[in-house]
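Just below sit the structures, each encoded as structure tokens.
Shared between the two complexes below is subunit A, which pairs with subunit B and subunit C, respectively.
And now, the complex of A and B:
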């Protein structure tokens, strides 16, 4: 049963198993274990980013393609829900319509980009996705009649998913629509994550890994490398769009900063690399560590910067706004010395 | 003993269609200029837009040339190239801001000296940073594209953030030196002096680069290295050293492009290089990775199209470049002038 659920891809390390179980239990009972608005917010963000990073890992870790357009697909899903909720009106139908339309649009766009760039050289893909993603981001902020521009869109979702909806108390925690909303996101993310795990452990996933290791040889054995790369791209784009839709349902707001910015793209890259490229479990650990660090470590940097006042240069280096500097350094170091990430280290040290 | 038969090799002349295929990229620029004239109608605005498009194209070419050569020579794709653009701009503008007496004086000689000094400082320092970047960031990941992309993106972030640390988080506004302000009127069209200067300067750089690549021994080695690096190494040339030289020169050119772009926009931010990189990537892709001439034509096309479309339909400016890239990749999937690799 468990083996089927995990598609035969067990964690293969005692520590890793314990960590994953800890994450699963914490997220599954988050509203009861960590009551409070902020911690629920963090838990939902972690769920969504686990899914987003896992879908990116399908591309980067398993297929060996670098894409800079993952936030674009994420944003497509989010804007799909937002636009459907604004124009169709509040309701479950609007959510479903927006989600499906977003995922479909993402898959089609990924197909077009893939046909243009992957046909010739995989390296074109990184550059072309960067260009297309930035063009889309600019377009979204310019078409403000439709997308709300830089301000973004706020909209209403079904009442059952909002804090105004009350159901009673369990274990001293008041069950509101917000908690139902959290569980909707949690179970959707869990299901899609298991689906991705299924994909990478299928024969299709094996071919992707063969393409990553040696595309020339994979082609020689008789697999059309282009088709496999494009399929992986479309799949990963569609799952990213679904994650975006969930994020939009959770936040009840979309804007360029929360869904489309290049900074989120860097965050995703970092989560994949820190967790471990080429393992779905790496996405879980990477996202958890990163989101927690982002939410709580920045405060610590502020404290350190205050403590260092008066010293030369150090306060500027430790300023919470220079958070990205340290991320960048960490990123380079982990690519060099830590290419298999946390999961790879744990599995090797078994 | 019989005499060897006469052997007179003869070069087959190219058929007209093949000649046209070779010349087609060069023809695209005049065709685009003509189309722009037809679409815009008013000759004076067309002239203004063409000059600013050419100026923009020249600046993008200066930034893109280093990137495309580095890729052609060593198969290294440097996503951190944009950091050198920002760095060059900040260094150059700091020099200009430190010399208010020279830039504000109403004397062409003093103004130009200040600008040239700024350019020299920016190029030397970005070249040095490029050298360090090559040693620390790029060298350990030769031959692995995936890691190259990841690591150079990391380098881009670090340099950008260090610019924030050194120069502060805010954008810096500047004014051009006195002699470069204002415009001249020609045939009813107002042409900004600085743009004309930028076109001239860009042309000089392109011609100089072509001369170095075509007429000098080092240029010969670079071109041969792009075509078949292994063979060049077999002949005893240390391609690694040549590559480091090209990397440093490419970084310095990016710094130069940054200074030119800063004087064009009259504002600098740490993120400017990252934004320029999008156009630079489009240019090197449509030009054909590794080809300097291709990058030159690609840059002119991008600059002109951007200006024409921004005039006709402002919202489509960036999208039009994606459209251009799509069209060219449909026509030639390897870019307009693909570098033929002898492998």
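And now, the complex of A and C:
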């Protein structure tokens, strides 16, 4: 049963299994284990980024395609929900319509970009995605009547998903629409992650890996490399858009900074590299570590800086405002010590 | 003489600014082993890659089983029945031996009888069936490389230096496997620097020099004539053995 659920792709390391179980249990019971708005916010962000990073891993880790437009696809999904909720009105229908439209738009745009660039060399795809992503970000900012420009859009979602909706108490925790919203995100992300795991462990996924390793050889066996690359790109874009839609449902706000910025693209890249490319489980660890660091490193450094008061230089270095510097150091160290990512290292058993 | 399964006529191929193939005329008869011989750098590998479509012919025509395949993309040539074992083996190191074999049977599931024949020819592949191909030794990787091309029925095998850099025991295994392939009636175009293997396997031979075929004839004729070998390839098979 579990083997089927994981598509036969077991963690293949005791430590990794323990870590993944820890993450799964923590996220599954987050509202009860870590009550509070901020922790729930962090847990939802982790769920969404696990899915987003896993969809990017399908592209980078399994197919060997570098894309800089993953946040654009993420943004398309988010803006799909925002625009549908704004123009169609509050309701489940608007969420479904926006989600479907966003995923479809992302897949179609990925298909067009892929047809133009992947026929030649995968590196052109990286360059074109960078250009298209920048153009879309500018366009979203300029079309302020439609997209709200830099201010973004705030909209209403079904009441059952908002804090105003109350169901009672379970284990001393008040069950509100926000918690229902969290579980909608958790289960959708879990289902889509398992779907991605199924894809990469299917015959289609094996061909993708073959294409990544040696595209000439894959062609010589008889596989149309372009077809496989484009299909992977469309699938990855559609899943990224679904992650964006979930993010929009959670935040009830979309703006260029939260869904389209190049900073998010860099974050995704870092999460894939830290977790381990071409492993899927790497997306889980990469997203958990990175989102936790983003949310709690500043607090941790504040405590450390207070503890180091009186010592020379250290309080300055540990100033919470320097959290990005330490995140950078952590990244360099992780790349140095875990070149195959955390999952790669754990699987190698060293 | 049987009807050629592959016919190259005036094939010219450029790689960047270099004019590598300068009008190759070659016929590969069906059901025979044709040796493609010549010094290093004369265009043997480029000829195989041009047949496979990795390099596009700038001029000339390639006909396979009566069809003009000059403009066909590589996957279409593979699906038409041409199997290619490249010099660098080209195995997928991150995948298991099993996954490599399953991928190689691109047109359908791997047939059990065919798999048994592969295991009989290359026993280590059964032992390391579930292992990552990247962990195999050089000889085992070459076995896998040839086994992959045997994963399904091919009408023509293009094999580029299958014994290069291998230990003598592995060379014998390779030669035996190729002999069995030949005995099964396969059409093979084989680039081979090991003259003992070439002589044992080849029915006919084509010698290349400077991007052209400069001699064609029976392998036995070439093997018996040391002076001809010296003139065409700069060394004789007897001294190279």
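What we mean here is this: the second predicted complex is superposed on the first by the 310 of 350 C-alpha atoms of A that agree within 3 Å, B and C clash if a C-alpha of one lies under 4 Å from a C-alpha of the other, contacts with A are read in each partner's own complex, and residues count from 1 in each chain.
As a working rule, a contact is a pair of C-beta atoms (placed from the backbone, for glycine too) under 8 Å apart; a residue touches a chain by one contact, two chains touch by 3 or more.
Here the structure is a predicted model, which is why all the values come from computation and not from measurement.
Chemist: If we overlay the two complexes on their shared chain A, which of subunit B and subunit C does A:25 touch? Say first, second, both or neither.
Modeler: A:25 sits against neither subunit B nor subunit C.
Chemist: Looking only at contacts as defined up top, I'd like to know whether subunit B or subunit C touches more of subunit A.
Modeler: The partner with more contacted residues on subunit A is B.
Chemist: Check whether A:143 is in contact with subunit B, with subunit C, with both or with neither, and answer first, second, both or neither.
Modeler: First partner only, subunit B.
Chemist: Between subunit B (first) and subunit C (second), which does A:222 come into contact with in this model arrangement: first, second, both, or neither?
Modeler: It touches subunit C, and subunit B stays clear.
Chemist: Contacts for A:131 in the overlay, against subunit B (first) and subunit C (second): which applies, first, second, both or neither?
Modeler: first
Chemist: Going by the contact rule set out at the top, does A:5 touch subunit B (first), subunit C (second), both, or neither?
Modeler: A:5 contacts neither subunit B nor subunit C.
Chemist: In the superposed arrangement, which partner chain does A:173 touch: subunit B (first), subunit C (second), both, or neither?
Modeler: Neither subunit B nor subunit C is touched by A:173.
Chemist: Touching A:322 in the superposition: subunit B (first), subunit C (second), both, neither?
Modeler: first
Chemist: For subunit A, which residues belong to both interfaces, subunit B and subunit C?
Modeler: none
Chemist: For subunit A, which residues are in contact with subunit C within the complex?
Modeler: Within the complex, subunit A touches subunit C at residues 203, 206-207, 209-210, 213-214, 216-225, 278.
Chemist: Contact residues on subunit B for subunit A in the complex?
Modeler: Touch residues, subunit B against subunit A: 77, 79, 137, 140-141, 145-147, 149-151, 153-158, 160-162, 164-165, 169, 274-275, 277-278, 281-282, 284-285, 315, 318-319, 321-322, 325-326, 329-330, 333-334.
Chemist: Going by the contact rule set out above, which residues of subunit A touch subunit B in the complex?
Modeler: 60, 64, 66, 116-117, 119-120, 122-124, 126-128, 130-132, 134-135, 138-139, 142-143, 262, 266, 269, 273, 313, 316-317, 321-322, 324-325, 327-329, 331-332, 335-336, 339
Chemist: Would you tell me which residues of subunit C are touching subunit A in their complex?
Modeler: 52-54, 73-75, 78-79, 84, 86, 90-95, 99, 102-104, 106-107, 148
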